[in-house]
Amino acid sequence: GDGATTPGDGGDTGDSKHTIVIVPKDSTNPWFVRMETGVKKYAADTGLDVYQKGPAETDATMQVQVIRDLIAQKVDAIGVIPVDPGALEPVLKEAMDAGIVVVTHEGASQQNTQYNIEAFNNSAYGGFIMDNLAEAMGEEGTYTTMVGHVTNASHNEWADGGVAQQKEKYPNMKLLEAEPRVESQDDGEVAYQKAKELFKKYPDLKGIMGTSSFDAPGVARAIEELGLKDKVFTAGTGLPEANKEILDKGLVHALTLWDPADAGYALAEMARKVLDGEEIKDGIDLKVKGWDNMKFAEGSDKVLEGEGWIVINGENVDSFGF
Amino acid sequence: MVETVISVRDLSKSFAGVKALDGVNLEIRAGEIHCLAGENGSGKSTLIKVISGVYQPDEGTIELNGTRHDKLTPIEAIRGGVQVIYQDFSIFPNLSVMENLALNHELSQGRKLVNWRRFRTIAKEAIAKINFHVDLDARVGDLSVADKQLVAISRALLHDTKLIIMDEPTTALTNREVEALFRVILDLKSRGIAILFVSHKLGEVFEISERFTIIRNGKLVVTSLPEELDHKKFAHYMTGREVDDVRFEQPETVGEPVLEVEGLGLEGALEDITFTLHAGEVLGITGLLGSGRTELALTLFGLFPTDSGKIRVKGRAVRLGGIRDAIANGIAYVPEDRLTEGLMLERSIADNIVVAELDEFTSPLGMMDSTRRQSEVDRWVADLKIATANAENPVNTLSGGNQQRVVLAKWLATNPDILILNGPTVGVDIGSKSDIHLILQDLARGGMGIIVISDDIPELLQTCRRILILDEGRVTAEVDPDTTTEQELSDLITGAITAGVGV
Amino acid sequence: MGAIMKRILRSTEFYVFLVVVAISIIIQARSGQFFTANNLVDIANAMVVPGLFAIGAYMVLVSGGIDVSFPALASLAVYAATRFLVDIGYEGSILLPFAIVIVLGALLGAFNGLFTTFLVIPTLIITLGTANVFSGIMQGALNSVQISTLPPSMNAFGRANLFVATNPTSGLTSSMPVSFLILVAVAVIIFFVMKFTMFGRGIYAIGGDEASAIRAGFKVKAIKFWLYVVVGVIAALAGLIRTTSMGQMHPTNLLGMEIMVIAAVVLGGVAITGGTGSLTGVMLGTLLIVIVQNSMILVGVPTYWQRFALGTLIIVGTGVSAVQLMRRRTRQRLVSA
Amino acid sequence: MESTTLLSRPLALARRDPYVARLFVILVTLVAFFLIVRTDNFLSFGTWQSMGVQFPEFGLMALGVMITMITGGIDLSVVGIANMTSIAAASIMLSMVPPDASGGQATVGILVAVAVSLVTGALAGAFNGFLVSVVKIPAILVTLGTLELFTGIAIIITAGKPLSGLPALYGQTFGARLFGVVPVPLLIFVVVAIAMGVVMHKMSFGSKLYMLGTNATAARFSGLHSARLLIQTYTISGVCAAIAGLVLLANYNSAKADYGVAYTLLTVLIVVLGGVDPNGGKGKLLGVVLAIVILQILSSGLNMFPAISNFYRPLIYGGVLLVVISISEGKGRFWKRLNTRKKTKEEVVVS
């Protein structure tokens, strides 16, 4: 039915003080804490009513609740970093039906969004992590992949992208067939315990490709304790400050990331552009470095990709300031 | 001048508006055996709890060994030599006999640490005092009721005890055990220890007490000497009305057999039990603790699968594979312990009455026919004279006697042919008891076959047409109450005399 | 002698022990790695935090309660302490962090204790409430985020080890953390407390029959209050150990552990209705769960099957003791439900 | 006239049950507070609609947990059952209804899927009930184990990935608004709640459950078939969870092994806040429904204050629970009733 008709529709268009809400996956994770600094900066820079509000835990159901409540409050735009794009389709459709601008980040597969912006292509990112791991491993040896949860879509995409990259570029490397994908449960302690088990059971294992930001630090702890430094390697996603020690010690060769603060800033800017009816075309500028020349992904008129990745390693880890 | 152990003046205590104690005075002298009697809910237990410091009185004073206490605590009472053996014995079922015996003692000494060797010494000493033989390492929860009580008594004696209070100590005991308990009590008295003995059994008051006190509705009725008491007076003091106590007229002829048991055996409990119950008769079954009475009842109620033997109900051979089989065959069972096995205390009186026949009021779709339920409840509340303002009140608002009527109502509502009652008047006061006996006679006259399991000898002689005596799982005698005295029956039960087994 | 044997054979602990042995042998057979020095050290290491929690959960269960708040309590205590120390730029010894965490754990435990002594309602309800309050304070009021860099002494404590076990064949090394000593110490102390103090026996007594405990002269309210204080301290210690050993403070790392810990404790023979259970059983039950959780890969259970396997183990493990209990009750003709 | 009778029943109920009355007061206070402080937002139609779509997910699960807790048990496996059954339903729809399927084909596929999900939920619940009543494992452990087990099965089936691409008809049906107003999930919740009310308060089954929860031994001695009753209870809980799973499936247009993991403890919180005694035998449907509504209003109300972080939510939930149970009731009858319960639980030896 057309139940979406809201009584007392204010018709916010033309109102210059937009309300834009960024909805992250959760907020304890330093990743999204960092993102919030970008969102706040955007609010300060533009004077708009822009803020971040996410669920208390990384849980699709709870994220949907937050979005539903935002729809009820008739905000002007929401920028979502979906926990699970599939799970968000109905609620985002509701939002768009209610006349709310919806943009997403890290949701390349999202249907019900006006635009999705990516620091880069997901599987390319996975490939990029693989490049780092391969370099550390000397492009040979057995490796496996670790994801936060087997139910986490983007982690699995990255891992798949990494495996694809290895198959294509590193013929001397081999995916551990017995355990091609293990789970860290987004928990540094579990990552540590699992890594220890893996190295005990598979003496040939030479590398673990991490995805979640909990993976590399946990694996690094195992590497250090088992006395495997410089014998086995790990790579993955992580913020500079949180991983300074393991990078300095050389337990992890390099980590990759994009600056979440920039992503938050860019997402808010994207929403404003749509709200103000600006034309969205190849090469648009979201006003932050790496996001200043966004291109549509191949064959898509929704997914915009930038060049926002960063590699951190022992040398540059101190130069970011976050 | 005899020393006074404890004296209380003008004691009052209310619970949520109910006045459990109302200006009670009581004085207990050293070395006396004092009986405290009263109907269910008259305030006996509350009085005891106040004396032992568990409850603080609303008004009144307590003087212990000459010292006045405004706020008596349990520890102070214990230090003052007051020991209570509660109805439920206040034991720790999860702990060993040794620990149960020693813990209280060590606590009263203010000890903070546990010395297990001391514990054992204390425990040994405790059981030696009453010559009680028990495995000190056994879990108390696994002991028999009588043994639990002996644990509680030996525990009480460990202290420098001046007064032992026993709250209805005989309700769960068989006659022989009661006698053993009385011997213990007399022994204690000879050591100068005062006993406050709570009971509502006239026989016990006569047999053991030197003075007695009766309370009713929280008020003191009388404190006097047993010599000045007879049965009529006792009942009158307790209930405020006249109660008769004569043997019921037994029917000349009885009906068809409703229950025939032949060669019934249950490993370790019953052996070759054979008897017949006729419609219209009340059959008594008695025996010592461990004689297998309860096992027999529970076996007939389908709880234990039998090893051997046959059971016929109204001539049909039946197999009782569970309680529901028994109910389907018209067998009802009023259990020994109504609090844990008979009633859902927090549910309403109505719920408790209809629980066994719920399916009768249920439509094929599972809906309850509330009008029929209501009329059934009304009927039983009226028939059994259950004293309540509203049958939707929780059953725990009723007195013990009325609670027992609810259990009875539940089973009568299923319209059974065979009614088995295990201790039908345990913990029930004299007024209700006689009412329940009347009800049983009426039911028998109506053609029901009734088995009364009891060790209340007057009750058995008063109500039964025949009495079977069990010993070590076998029927050792059948007795005709018309030609048997209380003493003879008691001797038969304890095995002091034997009789040929009549079938 | 025979009597002791009989008692051992009848105890739950013995069966849990047998299951632990059997599972260890299976893991050894499947991986060849179980009985290696470094794997045993790894297991011991993984035992520390769940083991401490289990000790607390055991004490509360014996008293007849159920505590589901300990992970939230530990998280809050340790987060507040770490936040404070990091903010003041603390560089001193490890003693101060321990002291702060112990005090906070005691205070939060006292909060639980006050509620459980003054409200006569099931502790499951109370601790569900306090667990939410604790994590709400941490996440809301303290606005908790991961703390990546700990004060140096905390970091050092997390890395300190007693010895390093080397597997001669693979050359892998595992270090026994100093915190293992804390587990041992707490276990020994609590064993002593539960067995040789009136406080400990009081906890058993309350779990057996609270009314009897009052009449016997136990100061039941005081015992319950201090019980929760002690449990708070133990939980907070566990939290501090987890934080130092990870080298970072992850505020939500411990949340959600409570049910698994309670399962381990009950698996070890502690009755959920209170009054019975031994520390030996608790440690064995926890060991069993820890071994299983940390040997899935060794045994070769595929990732996707791990939760299934864990669920099966819990059901089979508790089922074995339930069936045994049932058989005992049938033998003794116990008729209560 | 109509409205007075509508109100008088709950009011009479509340008078008889002071605890429920207290919840009612809290609800009214909350509504008044949000009305005054956030009038526009709170009165907006969308707010209420969004609540109506949200709470049925966990509300349905809570109803199942409630009925198990009345018997003295608990069901921690509801989220596992919901996900497992919604995955079963999704798999069936995906295989029976190809993208180009006709409307009729889609209808049949959806009906089969719904039926299979309900049956699976019932079986899963019956399995819980079997372990609780026949094997006699404590319910908290059984359902913790089966939570892992059912979630494990869901992961094994899907390899952890979401199942999406459901027939559009499914989403349309569940996403519809009855009379353009009432969201279908809300309708489902109301229907199930009413059915639950009938089961608990109008059918003899419910009466038996309360008896069983109050004193299992006495219930058995009264001829109640306790094993069968428990199996039926957990089966009902399983079916409630399966219905919740169908709502999840519609709300997220996909099924996945880990939707709603935060609901496990939330449902327990709701049920105890609703006044159900974890020891069994006590508690009312009305109390639980009030608790569900209170928590949903709190949660949605909280989202109207951007300044208050969501992380305060547990604090507020926990605080509400502690406050509600701490308010003394004058005569303190409630606590005494709970207090006297424990004593009857001890073993009775036939001696």
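Observations
Letters A, B, C and D name the chains as they come in the text, with residue numbers starting at 1 for each one.
The definition used in the following text is that a contact is a pair of C-beta atoms (placed from the backbone, for glycine too) under 8 Å apart; a residue touches a chain by one contact, two chains touch by 3 or more.
Chain identities (UniProt): B = Sugar ABC transporter ATP-binding protein; C, D = ABC transporter permease.
Nothing here was measured: the structure is a model prediction, and the numbers come from that model.
Considering the contact criterion stated above, the chains in touch with subunit A and with subunit B alike are C, D.
With centres defined by CA atoms alone, the chain at the far end from subunit B is A. Centre-to-centre separation of subunit B and subunit D (ABC transporter permease), using mean CA positions: 44 Å. With each centre defined as the average position of its C-alpha atoms, the distance from subunit A to subunit C (ABC transporter permease) rounds to 35 Å. Computed centre separation for the pair subunit C (ABC transporter permease)/subunit D (ABC transporter permease) is 30 angstrom, with centres defined by C-alpha atoms. Across the assembly, subunit B contributes 88, 93, 142, 295, 298, 340-341 as residues in contact with two or more other chains. Shown for subunit C (ABC transporter permease) are the residues that touch two or more other chains, namely 139, 144, 209, 211, 304, 306, 332-333, 335-336. Subunit D (ABC transporter permease) has residues 155, 159-160, 217, 219-220, 309, 311, 313-314, 336, 343, 346-350 in contact with two or more other chains. Chains touching one another form the pairs A-C, A-D, B-C, B-D, C-D. Residue ranges on subunit D (ABC transporter permease) touching subunit C (ABC transporter permease), taken from their complex, read 76, 131, 135-138, 140-142, 144-153, 155-156, 159-160, 216-217, 219-220, 226, 265, 268-269, 272, 277-279, 308-309, 311-319, 321-322, 325-326, 335-336, 338-339, 342-343, 345-350. Every residue of subunit D (ABC transporter permease) that touches subunit A in the complex is listed here, in rising order: 41, 44-50, 53-54, 57, 155, 159-162, 164, 171, 175-177, 180-181, 183, 248, 250-254, 256-263, 299-300, 303-304, 306, 309-311, 313-314. Taken together, the subunit C (ABC transporter permease) residues at the contact with subunit D (ABC transporter permease) in this complex read 64, 68, 115, 119-122, 124-126, 128-137, 139-141, 143-144, 209-211, 259-260, 262-263, 266-267, 272-273, 304-315, 318-319, 322-323, 325-326, 332-337. Here subunit A touches subunit C (ABC transporter permease) in the complex through residues 27-30, 33, 56-57, 150, 178-179, 181-183, 187-189, 192-194, 196-201, 203, 214, 217-218, 221, 225-228, 239, 241-245, going by the rule given at the top. Residues 52, 54, 74-75, 78, 84, 86, 88, 90-95, 99, 103-104, 106-108, 111-116, 142, 269, 295, 298, 303-304, 340-341 of subunit B are the ones that touch subunit C (ABC transporter permease) when the two sit in their complex.
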